[in-house]
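The next block holds one structure in the form of structure tokens; read it before the comments.
We call the chains A, B and C, going by the order they appear; numbering starts again at 1 in every chain.
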Amino acid sequence: MLYREAGQFKSSYTADMAVFPILQDRIGLGIVLFIAVVIIPYFGSSFLIQAIMIPFLIFSLASIGLNLLTGYTGLLSLGTGAFMGVGAYACYKLTTYFPGVNIIVWILASGFFSAAVGVVFGLPSLRIKGFYLAVATLAAQFFLSWCFIRQPWFYNYNTSGAIEVPTRALFGIPVTGATSSFTTRYFVVLGIVIVMTWLASNLVHGRIGRMWMAVRDMDLAAELIGIRLLQTKLLAFAISSFYSGVAGALLVFMWYGSAEPSVFDVNLSFFILFMVIIGGLGSLTGSFFGAALIFILPIVLRYIPPKLGIPIQSATVDHIQYMVIGALIVIFLIAEPAGLARLWQIGKQKLRVWPFPY
Amino acid sequence: MRAPDGPDVMAGEVLLSVANVSLSFGGVKAISGVSFDIRKGEIRAIIGPNGAGKTSMLNVINGFYQPQEGVITFKGKARAKMRPHDAADGGIARTFQNVALFRGMTALDNIMAGRTLKMHKNLFWQLLRHGPAMVEEVEHRHRVEEIIDFLKIQEIRRTPVARLPYGLQKRVELGRALAMEPDLLLLDEPMAGMNIEEKEDMSRFILDVNEHYGTTIALIEHDMGVVMDLSDRVVVLDHGIKIADGTPAEVMKNQAVIDAYLGVAH
Amino acid sequence: MDILYKAFIDPFMQMGAAPDLFVQTLWDGLVAGVLYSLIALGFVLIFKASGVFNFAQGIMVVFAALTLVGLHEKGVPAYLALAITIGIMFLLAVGVEKLMLRPLVNQPDIILFMATFGLTYFLIGFGELIFGGDPKVMIATQLGLPRGAIDFKFAGGFVSLQKIDIAATIIASIMVASLAIFFQKTRIGRALRAVADSHKAALSVGISLEQIWVIVWFAAGLVALATGIMWGARSEVSFALEIIALKALPVLILGGFTSIPGAIAGGVIIGVGEKIGEFYWGPLLGSGIETWLAYVIALVFLLFRPQGLFGEKIIERI
């Protein structure tokens, strides 16, 4: 009874085409936003905000980026980690050269750098597809990783080879660096994630989203209705890499505080891909679910057993984490290839017809 | 035969002409030296036994295959090498023998995708999905709803096409092609695998499209009854060669056509 | 001008000036290439018979080696450990077929591909949980593999061939030859080829897909074990080898997914290409280019010949 669309009539196509056409969904979204914007910052512990919410939101953003490419356009990429790296290093170089400019401007601007790099490595996608393209994106991954390690210009010739986030203030409040408060950083991350999710949602519900999905579902037919494959695929690469780049910059500037090149290795690419698979290919909501599961699972594994009095070594946790993630992926692909997003849909459908089974 | 009140296609202006087209795949000839034309406003059938090169012909016309020899003139312009999306730009739409819908999308989105070429609002407005982009989206939604009404598929708007039965998928595919508002519509076996009622419905849609919108149609069909009822003129291919061309009645009497269909040794 | 000289003339001058070093690099590349080929070979076996792009093949190499060494560390004699490892690879094949392939039959290729990602992670976690994550030393001598090196006098210098490398090359050749005979001459081999052509057609003439899958995954497991022993003997055994295992992917791109000769040729080209590239051009770019050169070679190759070295031109139909 609580979740029904009966009686909610649409009198215009604009209303019918809304992203959340059902009133209860809009209320639900409002509640989630209220919790994220008000409840968590005022009542959340520093652990919750710093160690869970900030990275969770950043990984969600990266998943959305990869989902636009892999889930919506059907182009499998194993180079997300490197594209995130491009964002982080671009942001680092920009703020080194122009320390006076608002750091949030640079975080967003760094997305353009990774978009450009993404387009270059997306060029082969016209001629190659599927697994072949996945290998092509691995070329991007390993080449860029090598640049971050071997080309000292990227890390300002630091002896450590790592990038250190400098303190940058906005209206007198430090936003990045050791002196910034976690609440400030949380708000910055949350704001960027909300806006970029909204933009992505707009995009996939309109003409460009349909073009991407058409290319994903049947590229030859897409071409025959007038879609230019190369432009469409490159646009997907550009926008996807933009999201990855911003997520990478946020990862270093808002969470880690400093980063070794190994942060952006091929394992990060796999990690984000798993979030997309488990969350659901072609679902933005799913990207959040996937990020939550893959990111929060290890934390649970790490903190719960000691609380229950079970001694567990951190190395063992890592091993179990790998096993569980691996098994979960296989289980999800078997049970629900459309991921958590589909389970969510099924749940809502059940609620819609409740108390009847169908 | 068609109703006499249709356009006078016997003397109409030529929309597309195919002159001496040959196509081969690594030595295997699919089409050899075929010429014919399609006049504005007519329904032109391409028939022939299996492997006659009918689908290859459509693929040549909409740029999916490049012929090794021959000239194709569309709207008075002889064309050089081109890609399928150029054909779409020029106003050629197409349906497929094995339904080629976007399986992960709803019927509505499939048909909306057919409007892609007519929508121009840029990335900036698309990102906001307000203002001009929304105005454009609503405007095209109106056109698409007209097509949905025309094809009587209102109930399945929101259904992912992969879940639809075959007959309805064919209809959605026709809808997607119509959404392009083409000058020339190529239909590859629009009634394959349908029962008699579905065939009647589909025939009605094809005639209505031709009469209401004045769309020129070229179709491949195996059901001779359908071909006789629908088409103004018929071209017959066999083993990649044109063996007859004319009105349905003329073609039916042609000895070469009878031989090809009855399987006389060559 | 200086950069052009360094890029296009100097490396060749160096090759000419020290031919012994050049031959040594060539040999090192060849051996690395043979091992890449072996990983690719296991992959081709599975792809041919089940159409699965098995991302986990590289990890199966490490997993097999780790199991072997780990068992020996726990006090199992070398040859018994080898036998048990073979048994475990068989159980793995059965497990993969029962728990992963069968429930996923008829799913799109990309879903199966992603499932092998899951398998990869599972094997890494499982292997490390049981045998620990520290690098281990391969029990090469205990298994009767030769140690030491043979030095040749060549062009005023020395070329040194490790005995283990020679053994690896020989074993690889024997394995490839026996697999070729297996495919061409035996009943199961013919059934395998039938399955590769069409699953449905094979089923309709009474070939059991389940059996075939277990057999190919087991065969791929054995190839992985042999590769793991060779590789482990040259360096240490740990999941850090994962990065090297990923090198099989560009090899496959070059060779095509279904061609055994392609896998071998591709492996050698990549192995030799990256060693020569690293040795002569690496210093120019800042060394370590080995990590990405293989992928870039594959990428450039893809743009000109998307179907691989031995693949046929693909005609797209609609």
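As a convention for this text, a residue touches a chain if its C-beta (ideal position, glycine included) is under 8 Å from a C-beta of that chain, and two chains touch if they have at least 3 such contacts.
Just so you know, these numbers come straight off a predicted model, no measurement behind them.
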Exercise. Of all the chains, which has the CA centre nearest the overall CA centre?
Worked result: A
Problem set entry | Farthest chain (mean CA position) relative to chain C | B
Exercise. At what distance in angstrom does the C-alpha mean of chain C lie from that of chain B?
Worked result: 49
For this session: Let me have the rounded angstrom distance from the C-alpha centre of chain A over to the C-alpha centre of chain C, please.
Result: 33
Seminar exercise, completed: Taking each chain's mean CA coordinate, chain A and chain B are separated, in whole Å, by 42
Exercise. What are the residue numbers in chain C that touch two or more other chains?
Worked result: 318
For this session: Please set out, as single numbers or ranges, the residues of chain A touching at least two other chains.
Result: 220-221
Exercise. Going by the touch rule set out above, which residues of chain B reach two or more other chains?
Worked result: 64, 96, 100
For this session: Going by the contact rule at the top, pick out the chain A residues touching chain B in the complex.
Result: 12-14, 17, 199, 202-203, 205-208, 210-211, 213-214, 216-218, 220-229, 235, 282
For this session: Within their complex, state which residues of chain A touch chain C.
Result: 76, 124, 127-128, 130-132, 134-136, 138-139, 142-143, 145-146, 149-151, 220-221, 266, 270, 273-274, 277, 315-316, 318-330, 333-334, 337
For this session: Note which residues of chain B are touching chain A in the complex, please.
Result: 62, 64, 83-85, 87-89, 93-94, 96, 100-105, 109, 112-114, 116-117, 119, 121, 123, 126-129, 133-134, 137-138, 141-142, 145, 176-177, 180
For this session: Could you please specify the touching residues of chain C with respect to chain A in the complex?
Result: 53, 99-100, 103-104, 107, 109-111, 113-115, 117-126, 128-129, 133, 243, 246, 249-250, 252-253, 257, 285-289, 291-292, 295-296, 298-299, 302-303, 306, 316, 318
